[in-house]
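Labels for the chains are A, B, C and D, by order of writing; each one numbers its residues from 1.
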Amino acid sequence: MSAPTSFDLPVMVASGCGGTGRELAAYAQEDGLAGIGGFVTRTLTMDPRAGGRVRVEESPAGLVRAHRLQNPGLDRFLMTELPWLAQQGVRTFVSIAGATLAEYAEITRRLVRAPGVAGIELNLAVDDPRRLGVFDATEPFQAARVVTAVRAELPVGVALHVKLPAVPSRIATAARAVAEAGADALVVGGALPAALDNGTPAELSGPAVRPVALRCLAEVRTALPGVPLIAVGGIATADDARGFLSAGAVAVQVGTALLHDPTTVFRIASELATNPGDDL
Amino acid sequence: MSAPTSFDLPVMVASGCGGTGRELAAYAQEDGLAGIGGFVTRTLTMDPRAGGRVRVEESPAGLVRAHRLQNPGLDRFLMTELPWLAQQGVRTFVSIAGATLAEYAEITRRLVRAPGVAGIELNLAVDDPRRLGVFDATEPFQAARVVTAVRAELPVGVALHVKLPAVPSRIATAARAVAEAGADALVVGGALPAALDNGTPAELSGPAVRPVALRCLAEVRTALPGVPLIAVGGIATADDARGFLSAGAVAVQVGTALLHDPTTVFRIASELATNPGDDL
Amino acid sequence: MTAVPMGEGTGPLHVTAEVLSTKKVGAYRHLVLAAPGVAERFRPGNFVAVSLPDGAHLARRSLWIHRVRPTGSHGATVELVIEPAGVGTAWLAALTQGARVELTGPLGRPFAQPKEPVNCVLVGEGYAAAALFPLAERLRERGCAVTILLAADDEAHVFGALEARRTARSVSVVTVDGSLGAKGTAGQALPGILQRAEADVVYAAGPSATLHAVAAAAEAHGAWSQVALEIPQPCGTGLCHACIVPVIGEDGIAHKVRACAEGPVFRGDRVQWGLL
Amino acid sequence: MTAVPMGEGTGPLHVTAEVLSTKKVGAYRHLVLAAPGVAERFRPGNFVAVSLPDGAHLARRSLWIHRVRPTGSHGATVELVIEPAGVGTAWLAALTQGARVELTGPLGRPFAQPKEPVNCVLVGEGYAAAALFPLAERLRERGCAVTILLAADDEAHVFGALEARRTARSVSVVTVDGSLGAKGTAGQALPGILQRAEADVVYAAGPSATLHAVAAAAEAHGAWSQVALEIPQPCGTGLCHACIVPVIGEDGIAHKVRACAEGPVFRGDRVQWGLL
């Protein structure tokens, strides 16, 4: 396992919560988006997924989102989004999901040929992958196979982060499998499988889920003390971030909080830079 | 499968959220606690569990609770709590957890000898059962074994409800196993494994978890359209209750909302009686 | 038409605004806010996204900027028109002087304005009419002939009838119940008005059904239309991709774009109304 | 001592109270509330549990009832003394006249009062002193000699010094910084006061450490003590079992009881202070 990512800037934008980057940059401080630890794109698939609009409802202290992996597809991303991010010097992590192991490898090959990719975030946390036509990595050995397939295509210097489903009772086992298969860091926490008011499958995110994310972190931290962990789920203040960092995360991602206030990620980053907290 | 419970009063008190019953009765309407669909006790074990205090922290729109199954044990419950509930005519469902199948059977035998038990709610949703010294029913076939063991001890007229872990990706399989083993109704939704700020394992409840409970209900409803389902998780208003009932639950349980306002369960019950909603 | 791109120094800001005054206007609440920098960057058709402060509601509430005005003491102010409809708008409507409001703005692509002095018809339904007044002023400054059609369910929901008469050459009002102006809807009244005004361009703000009718009437008349769409916008800032509008691009190809970022103002003939 | 059981018609109520007035008192905010029925059922040592209305904070906020008073127009009123310390107390402290507050009360077992006219010392630290004033009045009515000791970090946090002088035969004040009264803590001052007062019973309200010191001093002196404990109370109503206090029961056996339901007033010699 190599660990090409440095986490000296420990605050990142969570997958799918920063638009194409351009919109968020309007709220950045001097260094722009390049001034924070990283920008994770929304999850990309080989082909575009229109799949209706992302439907978002409010729930108490959370947002519930039915999405069907809506994204412009790899080509359009490489053409219209990545170049701007690269030009701005953003540490871009491209989140991906594939239908097969071969597709995962193919997406990776094409991504690492483009300049400006700091790393790949494998989204193995897709809720109900079969329904969405994505390779089912729910079982740890299948998750490990995806990691192996992608790892084989990665040149030195491009990091491999793996986002795991936020199921506390199972996350440690999944974490071990993907770490052994060669992940550089694990993204733990994240949205929870939920439903819109009308019953449509959806994902719950925001401060409501924070205690679950903290538990996910604790489970993996205990099982695998040596593996770098990136925490995500409900982080909205510098204190929240400090809580996850002192619980053993090397970095945190900020998602839903940005929808409520687009300056959050920049404020947290600069507050942490000024005052990292007791334990850090 | 027999179905001795009638759900014409579709609102119950969730396990552990109504004190011993006496405290809650102060806020009831004319009929007292007997006027609602049921009162589920906190989970009882054969022996008392002192295990430190229940520690409760606030999280956004939720409460996080580290509990270690604190309870007075079966004897003390039978002596000091059940008689009052029986005398008041409360439809009491006793929530239980056991260390072994034999203990489950023994607890059941002793409970059904006492007057006033309308049903048993098997708590198979204990977070991290091994740590708490409880029979590990995480695997569906183990859950089914508990149901079989308890079912064998139950006379006609005492209902068997089974509370399942709120893991949307696995709940349908667990539900099928316990339904086939003889559960009369399933309790779906409930608290989520989480952590206190300091990392201690705990459970998240309250409105924050409602969209997850709704998903759990949808998953089981789709897989097992014929099985009576009791929904729990984040219900705080009559509209919330109507949402779960129109999504296919036969009844709902109200928990954390009672801590915020002890009249909630009675208000929801009377609002539903007056105006059950479009689909009912 | 000139598209107005968002350049450096003209992008949106996230600020804590202060309520300077608040008054009832028919069924609505009219708020004047000190929102440093937001007014200065405003163009007609922009909106603000407000954050609720309770910790329980995370989605933003989008509101048209009704007017900006330079004032002595507070820099320029921003004015909003609120129809209390749910928790967020009720909260806004109940704010008193001195209250603080977190908001982001100005957001969205503004109305494209004609280079030549042409005949313009502006159609506003309910509170959304508020978005058209700053546009009407700019158009008048450019020498355009401005006709305004205000529509609503009833008199209390007609916004800005008096103000319209000060700005526009001609003003019509329609209400569904006939309590003010002619009885009817914007869609029913529009074809006649377009003809009388010899309209070259139609601008509209209101519910989607009305905008669809406006776009159709404009097309039938042979005028350009620019419609300001209200699609639920959880973030309002382009981050969440939840406010998708299906459009036909300049290239003739169907795209899905974000109402808050690529809109909320669209050419009426580009929106795929049937797929909305 | 008479224990005061909660019988029919004397149990707690859940009501929407209205703020009648609010004023600053030193470091605290003093609220007068119209809370129908709550005042009528009050006994000294009771508290109320307040619900925050924002939807994000679910745990109750417990507050001692400082005083109840019959008034003309609103029935009896309930008075609270708030130290702004976090989100809930800051919200309460900022409420203005006419605001509504959901609360449950009166809650908890009150102070047990002596049947005979005995010598009583009342020790109150910070805002918690507020809980002792109605008790002082009842004791005086029963012919008890009442001595009051008020303690705090500094002058601004001493509550009720003036009022104490109206009620008690003798009043002492101690502050940690010496800004009012003698310099020191309640624990330091108490032994001397107990002797001078020839105390038979000691009542106390304040932080646990102070209550522990009070209980120890009372025991050393040979007096009964009754302490009003503040344990975090998520519900305040006995429902959640999260406010556990380890005590030795009348039977000599260790029990875990709920502060809000079996307390918050306990006999000082029954509390297992080391396990708190």
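The rule is short, and it goes like this: a residue touches a chain if its C-beta (ideal position, glycine included) is under 8 Å from a C-beta of that chain, and two chains touch if they have at least 3 such contacts.
Here the structure is a predicted model, which is why all the values come from computation and not from measurement.
> What is the shortest path, in steps, from chain A to chain C when you may only step between chains that touch?
1
> More C-beta pairs touching across which pair, B-D or B-C?
Most contacts of the two pairs: B-D.
> Going by average Cα coordinates, which chain is farthest removed from chain B?
C
> Could you please state the distance in Å, as a whole number, between where the Cα atoms of chain A are centred and where those of chain B are centred?
Taking the average C-alpha coordinate of chain A and of chain B, the gap between them is 35 Å.
> Could you work out how far the Cα centre of chain B sits from that of chain C, in whole Å?
50
> Suppose each chain is reduced to the average of its Cα coordinates; what separation in Å results between chain C and chain D?
Once rounded, the distance between the two centres reads 56 Å.
> Chain D: which residues touch two or more other chains?
In chain D, 55-57 touch at least two other chains.
> Could you tell me which residues belong to chain A and also touch two or more other chains?
60-62, 206-207
> Going by the contact rule set out above, which residues of chain B touch chain A in the complex?
It is residues 59-62, 64, 127-128, 138, 165, 167-169, 192-197, 199, 201-202, 204, 206-212, 214-215, 217-218, 234, 243, 247 of chain B that touch chain A.
> Going by the contact rule set out above, which residues of chain C touch chain B in the complex?
55-56
> For chain A, which residues count as touching chain C in their complex?
Residue list for chain A touching chain C: 16-20, 22-24, 26-27, 42, 50, 53-56, 58, 60-63, 65, 70, 206-207, 256, 258-263.
> Inside the complex, what are the residues of chain C that reach chain A?
11-12, 14, 51, 55-60, 102, 104, 232, 234-235, 237-244, 256, 261
> What part of chain B is in contact with chain C in the complex they form?
60-61
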